[in-house]
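Next come the structures, one after another.
One chain, chain A, appears in both complexes that follow, with chain B as partner in the first and chain C in the second.
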Partner chain A sequence: MRRIGAVWRKELRVLRGAMMLYAAGALFLAFAAFYFFHMYGFAARDIATVRPFFGAIPPLLSLFVAVLCMRTFPEERRRGTWEVLRTLPLRPGDAVVGTYGAVFTVALGTIALTLPVVLGAGLLGELDWGVVAGEYLAAILLAATVTAICIFVAVGARSQVWALLGSVLVLFAILYAPSAAAEVGLSGQAREVVRAVGMAPRFDDLIRGVLDTADVAYFVVLTAAFLYGAVIRYVSTRREAL
Partner chain B sequence: MRIGPRNGARKHAGEQSRLGRWARFGRYLLVFLILGLVFVNAQLFRARIDLTEDRRYSLSEVTRELLAEPEAPLRIRYYAGETLREFMPLVDDIEDMLAEYRAAGAPRVNVEVLNTDDPEVADEAERHGLISRTLAIAENGGEQRREVYSGIVVDYLDERAVIPVVVDATVLEYELTARISDVLHGRKQIGVLPGTDGESLDADYRLLVDFLSERFELFELERGEAPPPATDAVLLLGGHDLTVEELATLQSYVEDGGGGLLTLAGAVRVNPAELRAVPAGGAPIFDLLERYGVRVLPALVLDEYHLSFPAPAEGGMTETPDGMRGSDGPPYPHWISMDERFAAPDHPITARLTVLDLMWASPLQLGPVRAGPDIGGEAEPLVVTSPESWLQREPFVLAPEQAPQFERDRAETEESRVVAAVTNLETPAEGREGGRVVVVGDSDFASNLIHYTGRAANLLFIESAIAWLAEDKGIAAAGVRGRGPGRLDRIEYVPARITTLRVVEFVTIVLVPLTVLLYGAVHVRRRRRRPAGSGGD
Partner chain C sequence: METAHSPREAAVSMQKLERRFASGAGVGPIEAELHYGEVIGLLGPNGAGKSTLMRLMTGFLTPGAGSVRIAGLVPATCGVAPAAAGAWQSGAAARMYLGYAPEDAPLYAELTPREQLTFVAEARDMPRRAAAEAAQRALERAGAGSVADRLNGTLSKGNRSRVNIAQALVGDPRIVLLDEPTGGLDPAQRQLFYELIQELGKELCVLISTHVLGDATAICTRLLVLRDGRLVADGGVNEIVRAGQREQLLVKIRSGAKEAPLEHDLARALGVPVVADSAKARESGVDAAFRIDVASTVREHGQVDTAGGGAAAGRDDAGAAMSGSEVLQERVFDWAVEHGYRIVGMEQVAGDLGEVFRRLTVERAPGE
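Coming up: the complex of A and B.
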């Protein structure tokens, strides 16, 4: 744990020193709020709910986390510190989990900064706080999974651009492709099964205020699987280098 | 001399490396296998926690049990357009509820949402009997009219049930579960008994019969005939001319068998052709209704919320409306037009009610059930008139040309009146179900006179009432759920609300992101200025 903590602190310092983090965070917050108040039309619709705001989170958070992950392993490669990292007395899991923890912490901090939107909406209408709790839980679970997927891609990416493109591609495929395929080409039980593979329907289920253990398990298992996959990739890239 | 491992040692190292690779591969496989098992297990043994304050996504036990019954796929199709979704939260609310059906009935229950903005889908909806509504949309400075649908079709094997219009998600569970029960267990058997001499289903209730036959198995009961055991509910039309003996079979059906009875009976006999009315006092039907806590008073209710007289003022009405509608003639306070403000919002019968027309209705006085020592309960109001309604006592004046006399008794009788009521009979005996009775104080409520109003509202009310009476008590108890998110009305003073909105927008769109940027700029700049080795990164 100590070694993971050390990596986590070091990665957090690196991220906090990157202006790109603040720019991406500011864009994420501004666009999410702008979408909610102006594109969705919160006031015009006159409904006391912040669900559409959280509904816009998956694509925005995916882009934000993908940008953050560019600054992790691919950055080490770019700066030539990758070899140094590999020679440190760290187990593969320490480096991966520590880095994951740092990105996840930043993602959580950014999600926390959305509170003014929720509180502001709560000033105007009577929100259902049980649903809001579900919405934040959904956002946290999504952040955990999205971060794991981006770390998985970033570990093996040769450059920052590939890390960004790869992450976005994989994320959007897992988020939307299954449900889109189910709606277009399938019917009946097959449609239900394929639809259940996608992340977006699970997220939608959570943000409407229904906490399903199957949905929570989906996010947890997916996070663990990609994180473990990242460790395997890290080990294999180290072997390649050696 | 060659320096290096001997052949044997090299081979041994190679084998070890190969073994190590296999071991690693096995370990990876094992981890993913465990994760896969956890995932599958979680999908099979799932628990759902409804976090909403009003538990609006918690399906009732009876719905869950019903959704576990299908052995073949049960298909639920919701027809709604994106246009409707854009302007009404209803579509999302319904989809949310349907998601609960999907989750509770997985994998047998399939839910599809079909976009009726596509003309082919709209045609399909029309073929299934869904009813479109016209939505007026302000667009590009003009008004556009669009046909929108919001209806549900349930299919199971060869059975089909349709909810032609879903206007409110609050009673959706009750309505949908009832339809699923219909396709799984067969349609409800409804006995219909015309209780006024000279009236027949064919001649006087054709519209009603055609409408109800779409959903129920209707059969006509003979006077004095006991409803067969399979009867799910009885509809009594009028009833002024039924004798005590003839009513005894209905009394037994309700009190001993726990059956459901809908009675449409005013205390005034009206002759629409001559526009004359006399009290129907003393008829045994009123004694029977008093047993169930409903006293029908011998008067007519008139209301400021009314229709127009649907014929020339100087003449009575003919059998056919000849194109006349309730808005064509002079004001006619005897024909009351109610809306949802005057109906019980939490009862499944009236929860989706938008409008209701009463024609020469009598007021009801409600009280406790008097059906014997072992039957309890109390009548509750379902529909009331407005506070600006009044009574007309005998002699009754109906003709529009006598309009000045309509308000004769207004001064001393003006107040809101109950015109429809419901009674749940309570029986202390275990294993014995108490019956349910719905009373509307209007004998013409379902007659062909509804041609004149040109609206199907009364038929929808009767359909809801019969469905509620005919359902298992469990389904009926599914009742009405929370209305979902409220409006943005926390700040009542509109200018203050707008100012608050602008401040919130400014803070969230500009201030917070700008603060993040500024903080970042200052932080990064400070770190760059920090000399190397001073504990920086």
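Coming up: the complex of A and C.
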């Protein structure tokens, strides 16, 4: 655990020094708040709910975390510190989990920064705080899974651009596969399979206040699977020519 | 890593170690053992495979064939089967013995040297307070204490090199690998670096990759010379110089002509390479000085390769036996007379490490 902690602290310090992090965080919050208050028109409606606000989070959080992960392993490769990291007495899991932990921490911090928006909405109307708690749980589970997917892509990416493009592609495929399947007219068992692996419907269930253990398990299993995959990719990069 | 080691115990052991890339570049097969109490210089021209060899030792790359062991342990695997988890653990244990400073001093620009070295110490499984102390000790040892709290991204090249060296010393590793560590160091810093390495070399195994021969001769007790990824010499500095030295003829000329055309003209007349030695010319107050390899001259002209010039290489006008050096002197003399140049001196000299290094790493043997 000490080594994982070492990587976690190092990665947080590196991210702290990255201006891109602040810019991406500010954009994430600004877009979410703008959508909620202006486009959705929270104040003009009769229903007091922050569900539309959380509904806007998946694509925004996916982009934010993909930008953060671009700054991890691909950045290490770009500036040569990859060689420092890979020659320290760390086990593959230490490096991957420590880096994952740092990005997840920043993502959690950013989700926490949405509290003023939600509390502000609570002042304007009567919110169901039980549902709000469920919505935050959904956002945290989503952040955990999205981070694992982006770390999986970033470990093997040769450049930051590929890491970003790859992460966005994989994330949006997993998020919106069910909607896409419906659009193209997929039906029957195939549609059910696609719906089962898609992330957005499960996230929507959670923010509606339906706490189904199958949905929670889905996020936990997907996170663990992508993290394990990231460790395997990390190990196999030792074969690479430089 | 406080364990004491016998000086003859192998710190690093390479057996038929090989790694080739798609381009054909790479190293191997290499057979060598490095021991504690040695300062070893890894010499070779650019592209000879020095960095690749170091990366194989650190586990940054895995071998294509053969093996490398650090204190008896394999430093890395790219195996991903569940059974490989033990190998991952063993690789981390092997890398506990290593301190490594990669080429070009890669540092985290957003961290200070103190933060980076504390991270390295923590990655070596040290508790936070002990890690901070180890980082401070290493920074002071490498002469980088004064920049400990500045951001790495703002450091000069010399200071980056010192932090990079400090990085290899954190946590007192038993084996220290330094890849081109003296880039950016001024002469005073270089002297301090030499003293540090000599101190470390009393107990540790220190491997320094360099193409600065001054570094190698100043601090190394043993040299490994690489060419095209292969080990072409392995031994003490004096041993390699003695084995590789070949007799040369040093010719000093007063001609009124420039050195370069003369060099070209003389090489053409003799049919062998001629090397201008401008420093010797200045020192002797002549227009030009040239070094000519005696053995190559004799070989080039179909005579017996005398190497030392002792055996008969030709016959003079009276039919008496002439050594290789004498044959060469006669040819140079004829050339000078023909062009009206004055030979001020001709003497037999031995090549130095630079000349031996050039021959080991650049020259091709006949038929190669």
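Just so we're on the same page, the second predicted complex is superposed on the first by the 231 of 242 C-alpha atoms of A that agree within 3 Å, B and C clash if a C-alpha of one lies under 4 Å from a C-alpha of the other, contacts with A are read in each partner's own complex, and residues count from 1 in each chain.
Note that a residue touches a chain if its C-beta (ideal position, glycine included) is under 8 Å from a C-beta of that chain, and two chains touch if they have at least 3 such contacts.
Predicted, not measured: the structure shown is a model, and the values here were computed from it.
In the overlay built on the shared chain, the residue A:217 is in contact with chain B alone; chain C does not reach it.
When the two structures are aligned on the shared chain, A:232 is found in touch with chain B and with chain C. By the document's definition of touching, of the two partners only chain C reaches A:91; chain B does not.
Residue contacts after overlaying the shared chain place A:26 against chain B, while chain C stays out of touching range.
Judged by the touch definition given at the top, the superposed model places A:16 against both chain B and chain C. More chain A residues lie in contact with B than with the other chain of the pair chain B and chain C. Where the contact sets of chain A with chain B and with chain C meet, they give residues 10, 13-14, 16-18, 232.
Per the touch definition, chain A reaches chain C in the complex via residues 2-3, 5-7, 9-10, 13-14, 16-18, 79-84, 86-94, 232, 235-242.
By the touch criterion stated above, chain C contacts chain A in their complex at residues 21-23, 55, 58-62, 76-80, 84, 88-89, 91-96, 98, 100, 102, 104, 106-111, 115-116, 119-120, 122-125, 127, 131, 151, 167.
Those residues of chain B lying in contact with chain A across their complex are 28, 31-32, 35-36, 38-39, 41-43, 45-54, 57, 73, 75, 89, 96, 99-100, 102-103, 106-108, 110, 112, 485-491, 497, 500-501, 503-505, 507-510, 512-514, 516-517, 519-521, 523-524, 527, 537. Chain A makes touch with chain B in their complex at residues 10, 13-14, 16-19, 21-23, 25-27, 29-30, 33-34, 37, 42-43, 45-49, 113, 116-117, 120-121, 123-131, 133-134, 187-189, 191-193, 196, 205, 208-214, 216-218, 221, 224-225, 228, 232.
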